[in-house]
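Two complexes follow with chain A in common, the first pairing it with chain B and the second with chain C.
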Partner chain A sequence: MLLILKKIFYILLLLAVNLYICDYAGNKITARMELRRGYRITRLASSGFPVVRFIKDLSSGNKINIWTFYIFIFSFLMWSVVPITAGLVLIDEEYSLFIAVVFYITLLIMLVLNSSRSNYTGVFSENCKKLLMVFSFIAPVLLSILSIILLNKTLSLKEIVNYQHNYWNVVLQPLGFIIFFISMFFQLKLLGIIKKSYVSTGVYGGKEGKGLEKIIERLSIYMIIFFLIIILNVLYLGGWQNFYIIRGEIMVAFKFYLIFVILLFMDKITGRIDNYKLMVRINWKFLIPASVVNFLITLGFFVARDVYNLVLF
Partner chain B sequence: MFDDIYNKIYPSTKSVFMEEAGRNIEFILKDRINSICKSGLDLLIEVPQENIYEVLKELKENPQLNINSFQNINTYKSNGKNFLFINLKSTAGGFSVLLKIEMPPEEPERNYYQIIDILKGFYRAAGFYQRRDKSVPVDIKIPPGILDGLDCFDVDIYAEDDVVREAYINIDISGVLGSQYYKNMEIFNLIAYISRFDWKAGIFPEICLCSAFEELLQLKVTERTRYIRILIGELYRISNHIYLVSNICNILQYDIAYNLSLLERERVLRLIETVTGSRVAPNFIRIGGVRQDINEEVLLEVRRSLPVLYENIKKIEKMMVNDLMIIERLKDVGVIIKEDALEYGLTGPNLRASGIRFDSRKDENYVSYRDLSFTIPAGRTGDCLDRVLVRFAETYQSLRLLNQIMKKFPRGDYIKKINLSNLEFQPGSISYGVECPHGLFKIYMEVEKRNIKSLIIMGPSLNSLILGERVLRGSKIEDIDLILMSMDISPGEIMGT
Partner chain C sequence: MLRFIKNFFIVLGNLFRKPRTVVYPKERIIIPESSRGVLHLKLDPDTMEVICSGCGLCSIICPQNCIEVKKRVEENGKEVLDDFSLDLSKCIFCGNCVEFCEMNAITMSYQYQLAGPKKENLILGKSDLIKPSGKIRDFW
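Let's turn to the complex of A and B:
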C-alpha cells in the first residue's frame, strides 16, 4: 500500500514539475517572439509566471460542471497504466497500450461533451468540429500503433520497450514514426499548446471559459501532450533503455523535453488548421494513405516471412 | 426655371460646383458633361426631396454621365437644418456626384428611409442603410472587440451549418462621434485632430485637409514640400500594409511571420518617428507646407533602411507564399469580382486586387507623383491571397518611390511663408480626395470664416464594409475574421461617418 502511495506521489510530483517547466518554457518562447520584449506579465513574474496565472485564473471563478470534473479525473487516471520509467507505473497490465489508448480517446470525448456548456451555439459547433478533426488524426496514429504491435507482438508497453534493447523501433519503422509525429503535432496544434484555449478562432471569442474550468481544460490539454510524447518515446524511441553509459531515466527526460521544444517551435512556424479543406489535404490525402501503406508493408513482411518463408532472417 | 439654374452654373475655382438641380440634369449641364469628365471635378447638386427619383434615374441611365457606383450616405446638421448627403461615382468618367438633400424637420426618419428605398432601386449597395429586421433571432452575434483591430461594428450572422447565409454589419456603435467633434473648431486646430480619422495611416487625412485648403486658396506648395509629403506618405503606406500582413498572420496563428512583420513595421514607425516626432497622429502637415524640414541625417537613415526593409519584407512574402497551409487558407476565400468591386465603389488595393488597375496617384496630381515612376500592381481573382499579395507588391513600389525621392530630393523652403493668422474664408464648400493605403480618402467640408460648419469623412473603409456583407454571404464561418481583416478596414474612418 505504501509502495503504491509512494508511486502515486512520485508520478504526481513529476507531472507537476513538468507542467510548471513546460508552461514556463512555452510562455517564454512566445514572449521572446513578441517584438523581443515579451508580455508584460511574463517579464514581471518571470519564473513565477505559471503560479501567477494559476492564482489569477483561480480567483475569477470556481464553478465546474460534471464533464469538467470527469476531465480532471481522467487526466490523472490516464497515468495509471502508462509507464514513465520501468518503476514508475501503478498498474502493470498486459494490455496497457490498449487501455492507454482507450483512456486517451475517452478524454477527448469528455472535451467534446464539456464544450456543450457554452451558451453560444457557435462555440459548441466549433469545438465539436475541432475535436472531430482531432479524432480523424487518431486514425493514422492507430494504424502506426498496429504496425508496432505487429512488429513486437505484444500489447504491453513495458514489453515494447524491452523489445527495443538492440534497435529502437524508429529504425525499423521510420515511416510510422514520421506519421505518428506529424499527426500528433497536428492534434496538439488543434488543441492549442500554449494558446488561450482550444477555442482559438477570434469569431467565437477565444476568451471564453475562465476560472477553475479554464485551469482544468489547460491541465487536460497538457496531459494529452505529455501522454502523446511519452507514448511516442515508448513506442519508437526506446523508452527508458540505457543509451551507452547514460541512464535510462535521464534519457527519458532528455527525449521528453527535446520533443516538447521541437513541438513548440513547430507550433510557431505553422499556421492554424481549423479548415476542412486543409485537413483533407494533410490527413486524408497524406497521413492516412501513408499509414495504410506502412501497415501493409509491415503486414506483407510478416506474411512473407512466417507464412511463405520467403525472407531468410 | 431652367434658365435661372443654367445661368447659376459657373466654373468654380473650387473643385465643387454648387448648384440646385431640377428635373432635367442633362438639359442643365448640356455640353458641360464632357468638361466635367475631363477635369475630374466633383459635382455637387442640391436636390429637393421630391425630385430625387428623376435625378437618380437621369444619373444612372444617361450614357454620358454613367454614374454606376455608389459610395456612401451621410447625414449632417447645418444652420439648424438636417441634410442628407449621398456620394455617387462614375468609374468611367472618374468623377463623383454629391447629392445634397435638405430633409424636412418633421418625421426625419420616415423621410430618410423613403430616400433609401428609392436609392436601393438604382444601387444595390444602398441596401446597407435600410431598416433591418431585428425580430429574427441571430445565430451568431459577433460583438465589437472580438475581432482584433476591428472594434467599430458588430456582425450578425445567420448561418446554415458552417456556411454564412446572411451577414448584417451594424455600425451604430461608431455613430457616437457625431458633429460634436469639430463643432465650432477652428480650421487650424482641426489639422491636429484630423489624423484620428485614420489611425493606421494618420498622415493622409492631414494631407487631404491641407491640400483642400491649398486648393481653396489657390496656393502652390514648393517642390521640397511635395517630396517630403510623398516621403512620409509612402512610409505610412508601407507601415499600413505590413500591419495588415501581420494581422492576417495573427488570425492564421502563423506566429513567425506575424512577429517578423511587426518588427519591420516597428522599423518603419521608427523612421516615421524621426521625421515627424510621432507615430500614430503625426500632426505634421501644414497649409502651404510641413511643420519642420528634413535634414540630411534623417534622409541618410531612410536611405540606409530601404535595402534592409526590402530584403526583410521579401523574406516574409517568400515565407508566406511557400507555405502550403497559408496559401490553402487564403486562396479562393472572400472573392470579390470586378463588377461587384465597381458597383460597391471599392477603391485602393482592394479594387486593384480584383483586377482593375486604377490608382488615383497616377490620375490626379495632388502631390507630385508625375515625375516619379512606379507601376500599379493588380490581382486576378480578388480573393484574400490576391489582396495580401497586392499589398506586398505595393510595398515594393513604395520602396521604389522612396528610392527615387532620395536620389532627387530638391532644395528649397519646406513651407510657404504666408500669414494665415487673419485668414477668413468665404462661405462655401469643398471636397478633396487622396489615395490613402485603404483607398480613396475623401472629405467634404462647408467652411465659414475660420470655422468648419460641417465636415464629412468619406473613407474607403466604409465601402469595404458595405461590400463585406455581400462577400461574407456563402463563406465559411471560420473565414469571417480573415475576410474582414483582408479588406483593410480602418475603424477611424467609420467613426467619422
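Let's turn to the complex of A and C:
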C-alpha cells in the first residue's frame, strides 16, 4: 500500500514538475521565436509565471461542472498504466497499451463534448467538424500503433521497450514513426498548447472556459501531449533503455524535452493552419493512406514470413 | 517544403536575436526622430514671449479645424496672440500648421502619451502648448 502511495506521489510530482517546466519554457521559447520579450507577467514574476497565471485564473472563478471534473479525473487516470520509466507505473497490466489508448481517446472525446455545451444555434455543424478532425488524427496514430503491435507481438508497453534492446523500433518502422509524429504534431496544433485551442474555442458555439474550468482544460491538453510524447518514446525511441553509459531515466527526460522543443519549433515553422479543410486534406490525402500502406507492408511481411516462410530471417 | 526550411532557419535565428519588443511601462525606447506629437508654441529666447502673432493661418489651413486662434492689438499697435486652443480629439498630427506658419512659431513636439479620462482634457490652451516638457524627446 505504501509502495503504491509512494509511486503515486512520484508520478504526480513528476507530472507537476514537467507541467511547470513545459509551461514556462514553452511560453518563453515561443516568445523568443517571435522576437517578443515574453509576457509582462513573465518579466515581473520571472520563473514564477505559471504559478502566477494559475492563481490569476483561479481567482476568476472556481466553479466546475461534472464534465470538467471527469476530464480532470481522466487526465490522471492514463498515467496509472503508462510507464514513464520501468519502475514508475501503478498497474503493470498485460494490455497496458490498449488501456492507455482507450483512456486517451476518451479524454479527447470528453474535451470535444465539453466544448459542445452551448445554447447557440449552429453548434452542431461546428462540433461535427471538430469531431471529424479529432478522429481523423486518431486514425493514423492507431494504425501506427497496430503496426508496432504486429512487430513486437505484445500489448504490454514494458515488453515493447524490452524488445528494443538491440534496435529501436524507429529503425524498423521509419514510416510509422513519421506518421505518428506528424499526427501528434497536428493534434498539438489542434489542441493548442500556447495558443487558444481549436477544440475548446470555435467560430460559433465553442467557448473558452474560465477560472478553474480553464485550468483543468489546459491541464488535460498538456496531459494528452505528454502522453503522446511518452508513447512515442516508448513505441519508437527505445523508452527507458540505457544509451551506452547514459542511464535510461536521463535518456527519457532528454528525449521528452527534445521532442517537446521540436514540436514547439514545428508549431512556429508551419504558422497558423486554421482551415480545418486543409488539416483534413493533409490527413486524408497523406497521413491515413500512408499509415494504411505502412500497416499493410508490416502485415504482408509477417504473413510472408510466418505463414508462407518466404523470408528467411 | 522549401518554405518550411526557410522558416526553420528564421525561427532558429530568432532565438539568438535581440527581442524587438519591450515590456512597456517598465522599459522604454527612444521614439524615432522627427516623430509628430502635440504642437508646441515657440518662445522668443530674448523676451520669453510667444513668437506667434495670431495671424490665424494655421487655423485656416488645418484640415480638421481643430485650431482656434484669437489675437488682440496692443496699445502700440502691435498684433499679439491672445488665445490659442488645440482640440486633440480632432487633430490628426498632419503638420500642415507647422509648414504654413510664416513666423515659424510652431513646432511639433515629441509628446504622444495623450490618453485621458475626460474629453475636456483633450482641449489644450495656450499655457499648455507653451510648456517646455512637451518639447523634450521622450521615451516610449
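Assume the second predicted complex is superposed on the first by the 278 of 313 C-alpha atoms of A that agree within 3 Å, B and C clash if a C-alpha of one lies under 4 Å from a C-alpha of the other, contacts with A are read in each partner's own complex, and residues count from 1 in each chain.
In this section, contacts are C-beta pairs under 8 Å (C-beta built on N, C-alpha and C of every residue); 3 or more make two chains touch, one makes a residue touch a chain.
Quick caveat, the model's predicted, so the values are computed rather than measured.
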Q) Of chain B and chain C, which one contacts the greater number of residues in chain A? A) B
Q) Looking at the overlay, does A:K277 come into contact with chain B only (first), chain C only (second), both, or neither? A) first
Q.
On the A-aligned overlay, A:V307 touches which partner chain: chain B = first, chain C = second, or both, or neither?
A. neither
**Q.** Touching partner for A:L2 - first (chain B), second (chain C), both, neither
**A.** neither
Q) Is A:I269 contacted by the first partner chain B, the second partner chain C, both or neither? A) both
Q | Touching partner for A:K129 - first (chain B), second (chain C), both, neither | A | first
Q: Please write out, lowest number first, the residues of chain A touched by both chain B and chain C across the two complexes.
A: 33-36, 268-271
Q.
Residue numbers of chain B touching chain A in their complex, please.
A. 139-140, 142, 146-148, 159, 162, 249, 251-256, 259, 262-263, 266, 323-326, 328-329, 476-478, 480-481
Q | Residues on chain A engaged by chain B in the complex (per definition of touch) | A | 30, 33-36, 120-122, 125-126, 129, 195, 200-205, 267-275, 277-278, 281
Q. Which residues, counting only chain A, touch chain C once they are in their complex?
A. 29, 31-38, 40, 43-44, 265, 268-271
Q. Touching chain A in the complex: which residues of chain C?
A. 4, 7-8, 11-12, 14-15, 17, 19-24, 26
